[in-house]
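Here chain A shows up in two complexes: once beside chain B, once beside chain C.
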Partner chain A sequence: MNGVWIMAGITWREALRRKILWTALVAGALLLAVFAAAMHLQVLEFQGRAMSPFVRYQVEAGMLMIGLYTCDLLAVVLTILTSIDTIAGEIGSGTIQAIATKPVARWQIVLGKFLGFVAMIAAYVAVTYAATIWVARATTGVLPQHPLLGYLLIVFECVIALALTFLFGTWFSTLTNGVLVLGLQGVAFMGGWLEQVSGFSQSVHIVTLGIASSLLMPGESVWRRAAYELQTQLAGSLSFSPFANVSIPSLLAMGYAAAYLAVALGVAVWHFQRRDL
Partner chain B sequence: MSNANGRGGGRSGWWLVLIPVALVLWTTATASGRTLRHRFFAALRIARPEAVSVNVPAFSGPTGSRRLQDAIASMLASRARVTREAADSAVPDSAAAARLAGFAPHLVAGRADKPSFAVQTPRSMTLTVDRGQLQTVMSEVGQSSGAVPAGVDGQTLTIDTPAAVIASYGHCPVVEGQTLTNQIAQRPPPTAESSDCVILEQRPVASAQAPPGLDMAQLTGIALEVAGMSPVQMAAFQRAFSWAAALALTMPRFMRSYDTLSVNGAPAMLINTLFRRGPTYQLLWSAGGRVYVLTGYGNSADAAGLARTVGPASVGGRP
Partner chain C sequence: MTASADFAIETHNLRKAFGPQVAVRDLSFVVPRGEIFGFLGPNGAGKSTSIKMLLGLVRPTSGSATVLGAPLGDVEVRRRIGFLPEDFRFYEWLTATELVRFHGRLAGMSAGRLRTRVPEVIDMVGLASHRDRKLRGFSKGMLQRIGLAQAIVHEPELVFLDEPTSGLDPMGRRMVRDILRAERDRGATVFLNSHLLSEIEVTCDRVAFIKDGAIATVRELGAGWQDEVRVAVRADGVTDAAVSGLSRWTTWARLDGPELRFGASSEQVLPEVVRHLVGAGADIFQVTLDRMSLEDVFVQLVGEDRGL
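This part shows the complex of A and B:
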C-alpha cells in the first residue's frame, strides 16, 4: 500500500503546485461573497416587515439550502474539471510512462491518484461548506439540521463523479472524458429536478424517469438525500424551498451509489491494468 | 508502450456494455423483470416523512383550510392516530341536524332563503408527544428559549372535536378537495351566481387531554404562526379565542387581511381570504361554548351584519 500513499501525496502536491486548489478556493470565495450579500440584503428586507418568525426562518433556511446546493454544484464541477486530465492526459502526453515504469503497480497509481483527489475534494468542500454555513449563521442564525452528514454526502457525490472521470480516463482522451462525465452529470441533474417537480405534477412516470437517470448517474440523488438530511422534516415538507421533500432517495439508493462508485473505480483499475500505455 | 503490469487491450470490455443492456431488456420485456424493476425503483425512494402529514387530508373545506389541531399534531408527533374521523352527511332539516349533532343549531335570521344542512360527525385524534420534534419547531418560530419539559416526551395527547352543523344558504359552489391535481386542473372560479352563498358552520369547542407541562395555549399560538399568521395577528386571534375554541377551527389557507370586531358582544375575527377559487371572507367567533365560522362568497362588509342575526332556530327550521 506504500505505493498508493506515495501516489496520493504526489497528486496532492501536484494539485497545490498547479494552483488547482487555490483557484478553486477563489471561485468559492466569490460565491460566498454573493451568498453573504444576498443573506444580508434579505435580513434588511425582513426588518422592515411585520412577518411570522416561522415564515422568516423558512425563507432564510431555504436560502441556506440554495447556498449549500451551489457549493455542492461547484464542488462537483471542479472535481470533474480538475481530474479529467489526470489519467487520460498523462496517457495522451506520455507522462504516464515515466510513472508506470517505476516499481509501482498500476493499481497503486490509479488508487493513489484517486485518494489524492479525494483528500483535495474533501478539504475543498470542508472549507466552502463550513464557510457557507458560517455566513448563514452569522447573518440569520439559521443552521442546517445534520451538517456533518450533509458534508459527507456532498463529498460522496463528488467522489462518484471522480470515479467516473477515472473510469473514462482509462479509455478515452481528456476531452472525450470530460464530455462524457459532464454529460452524465447533466442527465443526473435533469432527472433529479424532473423528479423534484413531479411533486407538483404528481406524475408517476416522471418519478420513474428520475429514478432511472439516478441509476445511470447517482450524483444528484445523493445531493437530494443530503438536502433531506440538512432540513428539518417540517421545513422539508412545507415546500418553502426547491429542496422540499418530494421524492427522497432511500438508504438503498445510497447503497446503490456506493456500489456504483466501487464498480466504476474497480473497472477503472481493471482496465488500466490491462491497457497498453 | 506496455509495461510489466499491462496485459494488452482486447475487446473483453464489451461485457461492461452487454450486462447493462441485457438487464434493461429483461426488466422491460418480461413480466418478472418488470415486477422486479417496479419493486427495485420503489425501494430506491422513501415515502414522504409524516411529520406534518398526519393521516387526514391536509386541506379541506371551501377555503382549502387546515384544521388547527392538525397543525398542532404535526408539530408534536411524527404520526397521529385518528381514532374517529369526521364524515360529512347531508340531512333534510335543522331538526335532523340537531339529532345527529347532539345540539340545536343556530341559524342566520338575516337570510330569508331556506338553508341546506349537513352534519360533520365528531373526530378524535391521539398522538404521542415527540419532545425533540416540538423543540425543533419552537426554534423555527423563534421560541428556542422556551424549553419543553422532558416529562412530556412519549406522553399521549388526545383531542376530541365534537360534531358540527353546516348550514349553506344561496347558490354555493360544489366543494372539491384542494389537491394539487385539482389546482393544476384549474377548476373555474366561483361564478357571480355564488356571490349569494353563505355557509354557517358551528360546533361546540374542542377538548384535549394533555400531559402536564404541555402548554396548549402556547402550542396553539405556534400553530397559528405555522399557519402563516404574524405575531401581531396571532396575538389578536388568541385574544378572541381560547385554545379549546381554536382547536375546533379551521384556518384559511390564504389570508389577505384581517379585522377584529364584535358579534353580539363576543370578540370575532374577520378574515379576508385570498383564494381565487374560494370564498371571499370568513368570520370567526366563539360564544356560549360554541365556535362559529361564517363563510361568504359575496361582500365581506355584509359579514358582521349577518353574523349578528345568528340565533336559535324556531320550529320549522327558521330562526
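This part shows the complex of A and C:
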C-alpha cells in the first residue's frame, strides 16, 4: 500500500508544479471577477424597485447557479487536461519503465496516480467553489442549500472524467485519449440538456436520447443532481431557469454514475496490469 | 546444470512477438551470480526486449525464466533489482536529489537510509555539485548518470543496464565502468546491454552474443579469453631446427621467408620463445602480437554487412 501513497504524493506534487493548474486558477479568478461584477450590477438594478422578495431571491439564486456551473465546467476541463497524459505520456516516453520495475504492483501505480489527481481536483474545486459562494453571499446574501453535498457531487463529476482519461490512457496516445474523453464529455453535456428539455417537451424520443447519452457518460447528470441539491425548493421551482428541477436525476442515476466510475477505473487497472510497457 | 541458486538469471526458450514482428525468437541462457554479464548484439537484435521481459515490463509470448530465483512478474523480488532503461525519461521537474529519493522510496528504502545513501550515490556518479538542480537543465550524459544513481541507490543484488554509456563522454564511460566493477566487487550481478564491443570487452566477465533474437554464443572474457594468440616474428637466420624446437610452446609454427609465424595458447610463452630463437642464432627485429579481438568474433557471427 506504501507504493500507492508514494505515487499519489508525486502526482500531487507534479500537479502543483504544472502551469495548467495555476492557469486554471487564474481563469477561475477572472470568471469570479466577472461573476462578482454581474452580481453587483444585479443588486444595483434591483435597488429602489418595487419587487417581491420571492422573485428577487429567485433571480439571485439563479445567478449563483450560473456561477457554480461555470466553476463545475472549469473543473471538468482542468481534470481532463491535466490527466490525459499521465498514463499515455509516461508509457510513450518510457518514464514508467523505471517506476514499474520497482517493488510496486501496477495497480498501485494506477491507484496512486488516481488518488493524487483526486486530491488536486478536490483542492481546486474547494477554492473556486468556496470563492463563488462567498461572492454571492457578500453581494446578495443568497446561499446554496446543501453546499457540502453540492461540492462533493461536483468533485464526483470530475472524478468520473478522470477515470475515463485513465481508462483510455492505458490504450491510446495522449491525443486520442483527449479526443475521446472530450467527445464523451460532449455527449454527457448533450444528454443532460436533452433530459432537461424533455421535461418541457414531453417527447419520448428526446427522453430516450437523453437517457442513452447519460448512460454513455453520466457526468452531466451528476451536475444536475448537484444543481438540485444546491437550490432551495423555492429557487428550483422557477421553471424558466435552465437549472430548474424539471427532471432530477434519481439516486439510482447517482448509483449508476458511481458504478460507471468504478468500472472505468477497474478496467483501467486491469488493462494497465497486463499490457506491455 | 548446477542448482539455480548459483544463477542470478535463468531463461528457458523465451520468446516475444509483437504481432507478426518477432523481437526475441528463442532465448535460453544463464547468468552466474557475481559477474558482469554482457549482452551484445546489433541494433534490433532483441536486447532491450529481453531485459524488459526479465523485468516484467513485457510479457513473453512463450517460455519461462527466473530472476534471483523468482518467476517473471514477481513484485517483491524487485526490491533486490535495479534498472537503468535505455531511453529513459524521468520527471524533469524534480531535482537530482528528489529524483533519486523518489526511486529509493519506491524501492522500499527507509527515510534514515535515504538520508545518507542518496548524497552518496549522487557523488558516486559525479553529480555532487548539481544535486539540487532540476533535471530539466541536465544534458543527456548527466541524465544518464542520474539514471545510474537511481538504479543502484538501493544496493540491488542484480542491476540491469540498457546501453548505459550511449550519451556519455569518455570520462563518463570510465565512471560507468568503475561503478559497475564496484557493484560486482560488492557482490552484485550486473547485466549490461550494449552494442559497443569495446565497452563489453573491457568491462564484462562473460558475454553473450545475441543475433536475430537468439543467443549465438557465450564467451568468458578476462585476461587470455581468446582460444589462441597469433604471433608474427621478423627475424634473420632462423633455422628449420629452431622452428621445430618451438613446439614446446606453440600450437603451430611456420617459417615464411623473413617472417616466422606461430600460434600459442597464451602470450606468457613469448619470452621463452624469443630466448630460444636468439639462442639458436637468430637476429630478431620485430615481434607482433595478433589478438583475435571480440570484434573479430562479433563480425564472424553477425556478418560484416549488418550495421552495429
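Operating definition for what follows: the second predicted complex is superposed on the first by the 273 of 277 C-alpha atoms of A that agree within 3 Å, B and C clash if a C-alpha of one lies under 4 Å from a C-alpha of the other, contacts with A are read in each partner's own complex, and residues count from 1 in each chain.
Rule of thumb we're sticking to: contacts are C-beta pairs under 8 Å (C-beta built on N, C-alpha and C of every residue); 3 or more make two chains touch, one makes a residue touch a chain.
Everything numeric here is computed off the predicted structure, so don't read it as measured data.
Colleague: Thinking of the overlay built on chain A, is A:247 touched by chain B (first), by chain C (second), by both, or by neither?
Modeller: In the superposed model, A:247 contacts chain B only, not chain C.
Colleague: Go through the superposed model and pick first if A:6 touches only chain B, second if only chain C, both, or neither.
Modeller: second
Colleague: Should A:276 be classified as contacting the first partner (chain B), the second (chain C), both, or neither?
Modeller: Both partners.
Colleague: Kindly classify A:105 by the partners it touches after superposition: chain B alone (first), chain C alone (second), both, or neither?
Modeller: A:105: touches chain B and chain C.
Colleague: Have a look at where A:17 lands relative to chain B and chain C in the superposition and call it first, second, both or neither.
Modeller: It touches chain C, and chain B stays clear.
Colleague: Tell me which partner touches more residues of chain A in the superposed arrangement, chain B or chain C.
Modeller: Counting residues of chain A touched by each partner, the higher count goes to B.
Colleague: Who does A:93 touch here: chain B (first), chain C (second), both, or neither?
Modeller: Only chain C is touched by A:93; chain B is not.
Colleague: Just which bits of chain A does chain B share with chain C as contact spots?
Modeller: Common interface on chain A, chain B vs chain C: 97, 100-101, 105, 274, 276-277.
Colleague: What part of chain A is in contact with chain C in the complex they form?
Modeller: Chain A reaches chain C through residues 2-3, 6, 10, 14, 17, 93-95, 97-105, 274, 276-277.
Colleague: Using the touch rule from the top, collect the residues of chain B that touch chain A in their complex.
Modeller: Those in contact with chain A are residues 1-3, 5-10, 12-13, 16, 41, 43-46, 48-49, 51-53, 74-75, 78, 133, 136-137, 140-142, 180-181, 184, 222, 225-226, 228-232, 234.
Colleague: Under the definition above, what is the set of chain A residues touching chain B in their complex?
Modeller: On the chain A side, the touching residues are 50-55, 57-58, 61, 97, 100-101, 105-107, 171, 199-202, 207-208, 211-212, 214-215, 221, 232-238, 245-250, 252-253, 256, 267, 271, 273-277.
Colleague: Using the touch definition from the top, list the residues of chain C that touch chain A in their complex.
Modeller: Interface residues on chain C, with respect to chain A: 18, 52, 55-59, 75-79, 81, 83-91, 93, 102-103, 105-108, 147, 150-151.
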